[in-house]
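Two complexes, one shared chain (chain A), two partners (chain B, chain C).
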Partner chain A sequence: MIEILSTSALATVQDLGRLGSLRYGVGTSGAMDPLALRAGNLMLGNDENAAAVEIPVFPFQIRFTADCAFALSGADCAARLDAQTLLPWSVHQARAGQTLHLAPPQSIDAPALLRTSRAYLTLAGGIDVPDLLESRSTQLRGQFGGHEGRALRKGDCLRAGEPGIGKRAVGFGIVPPAVDMPLQVEGMNAVRVLPAAQYESFTEDSQATFWSEPWKITAQSDRYGYRLAGTTLIPKVPMEILSHGIVPGVIQVPHSGQPIIQMRDAQPSGGYPKFGTVIEADMWRLGQAPIGSQIRFIKVGWDEAVAALAQTQDWLHELRRLIELQQWSHGRA
Partner chain B sequence: MSLPRISLLGTTALLFEAPGGLDLVTQQRIWALARIAQRWPEIREAVPGMNNLMLTFRTLPHVLSTLNTRLLQAWNEAQPMPLEGRCIELPVVYGGEGGPHMQDVVNHTGLSIDDIVALHSAPTYPVYALGSHPGYCYLGGMDPRLATPRRKVPVLSIPAGAVSIGGSQTGVSASAGPSGWSTIGSASMQFFDPHQTPPAILLPGDSIRFRVEKVIQ
Partner chain C sequence: MDIVQISEIFDWLAPTSICELEFNTPQTHLRLRRAPPENDCAAPHSASSPEAETSPDTAPALLAAEAVAPKSFAAKAPCVGVFLHRHPLRSEDLAPAGGTVRTGQIIGLLQIGALLLPLSAPADGVVIEHLVRHGGISGYADELIILQAL
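Let's turn to the complex of A and B:
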């Protein structure tokens, strides 16, 4: 249904992740911005866990080889369908032969805080790739899942689950979650963190620094992990830790004292000291934080972390309601 | 006796760490605890590590202390569960091109290549846990004389089948990828197939024996 025209690598097929095979050594993979993925699927009437194309490198171009409804979400990439300009976070009907072009995410006219980095292209019925170990996400290390277990290349063709001209409403958009649920500290994007097992084993200065200073997302950051640069974090005594399970969001501090946040392609186990964990409710914010930008950490406890997740669920609930309204009025028109 | 430790991995999981050092009897209790916790409705997956257990949440427990109390009680009652696993014999070519860091292990341990091969291929290694990458087995029981610290600079990619030593642990890579361990040999075996159920060929309770196929000095 779609053919990849760009040579730029690193675009992958992702759903919400492979959550139940950690005990076989299989990391979760999945969308770096799960909220954008869900929103794209909701606009199309898909299962929220349907697979989409995650695009981190621009410009990016595809051609529709058949009629198909699609949604765009995540980064605002000044999308064009042939000559028609499309709004971000919107749903459309493509005709066979049309080309979709995504430009590098724009920061013009938007505050720098809302700069984003990953776009999601969702097709009606989801991207039709095999379900392996209960997910369609690409497992890069294991070379399975997604499209042939690898990043997409020029010439690859992907099928939609429900191609054709749909009966549902298209041509509408939604308000992005970064606008509805902003979270910043002193003009920088922020994420909330629960302290982890070795937090108390770092010096009090290091503990204070972690919450009060900005952290730069370095160029050595990708779907596996974000390597941060800032003031060196120093343990009170050197630590030797036995290998144990870890999850995306865990902030490890290797011997260099520069933290690494585990992201969606992280391995499912590790042994470096753990300073804290970015809460699940804020992983989408991190997934959209551009390389070179600075972020701040906010310390929270369990109750605040649970409340944050509830807020995200409320946002999704409201989105489902708005989309139902849209479909209802479309049905009456 | 010191107590187990429970800590949070954000809102995604919690980590249970058994007191004391690494040994097979404690690990057998970890397996037993994993089997119990896997049945709890709020738990998505119970994932054994080395002397520890991670529980990922399907639904968030609103009161953590209730879950912690239940976990500690289950641990106290957990009996070592010896798993009747299979033993796989794995032919290994030690040294040479497939074992590029053999000399580092020689330098660190002060042992000869022949001694290292003899000590490394002597035990039957129980699979304690899986992790790191699909199908990778954490093995227990390496001779402590072979212990070699992790490399200061990790190797960008070691091939599938690399037999390596990291600290007091040893293992075999199931697929190519970066590693901070020292590679002393190579084996050929497919450890993982996502189309099979279960997808991993070896599971906790199984064991590996390394058979010396060849030693390249």
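Let's turn to the complex of A and C:
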């Protein structure tokens, strides 16, 4: 249904992730911005876990080889379907032969709200790739899942689950979650963090610095993890700890004192001290933070982390309800 | 809310083209739906086109005058909502005053909760003015943007 026209690498097929296989040493993979993936699927009436294309490098271009409804979410990439400009976070009907072009998103100099890095292209019925270990996500390290276990290349063709001219309403959009649920500190995007097992093993100065200073996302950042740059975090005494299980969101501090946040393609175990964990409800914010941008951390407790997740679920619930109402109205027209 | 009030809402809706209404309070959830009336209320673009506004019995002299000064026409709200001149992620208006727009081009948005519904140009034209401010409430079929025919 779509053919990749771009040579730019690193676009992958992702759903919400391969959960439940960590015990086999298989990482979770999945969309770096799971909220954008869910929203794209909701606009199309797909299962929220349906697979989409995650695009981190631009410009990116595809051709529709058959009629197919599609949704755009995540980074605002000034999308064009042939000559028609498309608004971000919206759903459309493509005809066979049309070309979709995504330009680079706003630069890191833009206001915090616009500092995003990943776009999601969702197709009606989801992207039809094999379900392996209960997920269609690309497992880059293991080279399986997604499309042939690798990033997409020029000439690759992907099928949609439900191509054709859909009966559902298209042409509408939604308010991005970053607008509805902004989280910033002093003009910088922020994420909430739970202190982790070795937090108390760092000096009080380092603990204070972590919450009060900005952290730059360095060029050594990708789907595996983000390496941050800032004031060095110093342990009270040198630590040597055994390897243990880690999940996306865990913030480790290696000997350099510069933290690493494990992301969706993180390996399932590691031995660096754990300073904190980015809460699950804020992983989408982190997934959109571009290289070179600065982020801030906000200290929270368990109850706040759970409440934040509930807020995200409420946002999705309301979105589902409004889209259902919109589809009902469309069906009557 | 009692049955008398619901009946009253029915009476309000009767002369309109509104075919669905949802009303929520902490105690009440009311959803009224009805079949679209004859005129098809749900036509997505209800705004009048320049041609539609030309009355057949217009005096010839007036028609001559209009030939010199192009007619203006309005883009009307296809639904109730919050009128947005621009997308929440963008700083520039979709249809700034003085700009030329083409039939079907998105010239504004109506926000209902998290939904953004397009306001499309009913015909080719030049944007004269916005009648409702960015973020203002719009009723059904309210005139939102005045355009001048090309």
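Points to keep in mind about this one:
We take it that the second predicted complex is superposed on the first by the 327 of 333 C-alpha atoms of A that agree within 3 Å, B and C clash if a C-alpha of one lies under 4 Å from a C-alpha of the other, contacts with A are read in each partner's own complex, and residues count from 1 in each chain.
One rule holds for everything that comes next: a residue touches a chain if its C-beta (ideal position, glycine included) is under 8 Å from a C-beta of that chain, and two chains touch if they have at least 3 such contacts.
Remember, it's a predicted structure, so these values are computed and weren't measured experimentally.
Superposition of the two structures on chain A shows chain C fitting alongside chain B with no clash. Residue contacts after overlaying the shared chain place A:Glu280 against chain B, while chain C stays out of touching range.
By the touch criterion defined above, A:Ala305 lies against chain B but remains apart from chain C after alignment on the C-alpha atoms of chain A. Between the Cα centres of chain B and chain C, as seen from that of chain A, there is an angle of 160°, stated in steps of 10.
Once the two complexes are overlaid on the shared chain, A:Val179 sits against chain C while remaining clear of chain B. In the overlay built on the shared chain, the residue A:Ser21 is in contact with chain B alone; chain C does not reach it. Once chain A of one complex is fitted onto chain A of the other, the partner contacts of A:Gly292 are absent, as it touches neither chain B nor chain C.
With both complexes superposed, B is the one of chain B and chain C in contact with more chain A residues.
In the superposed model, A:Gln326 makes contact with chain C only, not with chain B.
When the two complexes are overlaid on their common chain A, residue A:Leu242 makes contact with chain B while staying clear of chain C. Here the smallest spacing between CA atoms of chain B and those of chain C, following superposition, is 25 Å.
The part of chain B that touches chain A in the complex is made up of residues 5, 7-13, 15, 17, 22, 34, 44-54, 56, 60, 62, 64, 129-136, 138, 167, 169, 174-175, 177, 192, 194-195, 198-200.
Those residues of chain C whose C-beta lies close enough to touch chain A in the complex are 19-20, 22, 33, 35-36, 40, 42-44, 87-90, 106, 109, 111-118. Across the complex, chain C is touched by residues 76, 87-90, 113-114, 171-176, 179-180, 315, 318-319, 322-323, 325-326, 328-330, 332-333 of chain A. Put simply, chain A touches chain B in their complex at residues 19-27, 132-133, 139, 141-145, 193-194, 196-197, 240, 242-250, 267-269, 274, 276-281, 302, 305-306, 309.
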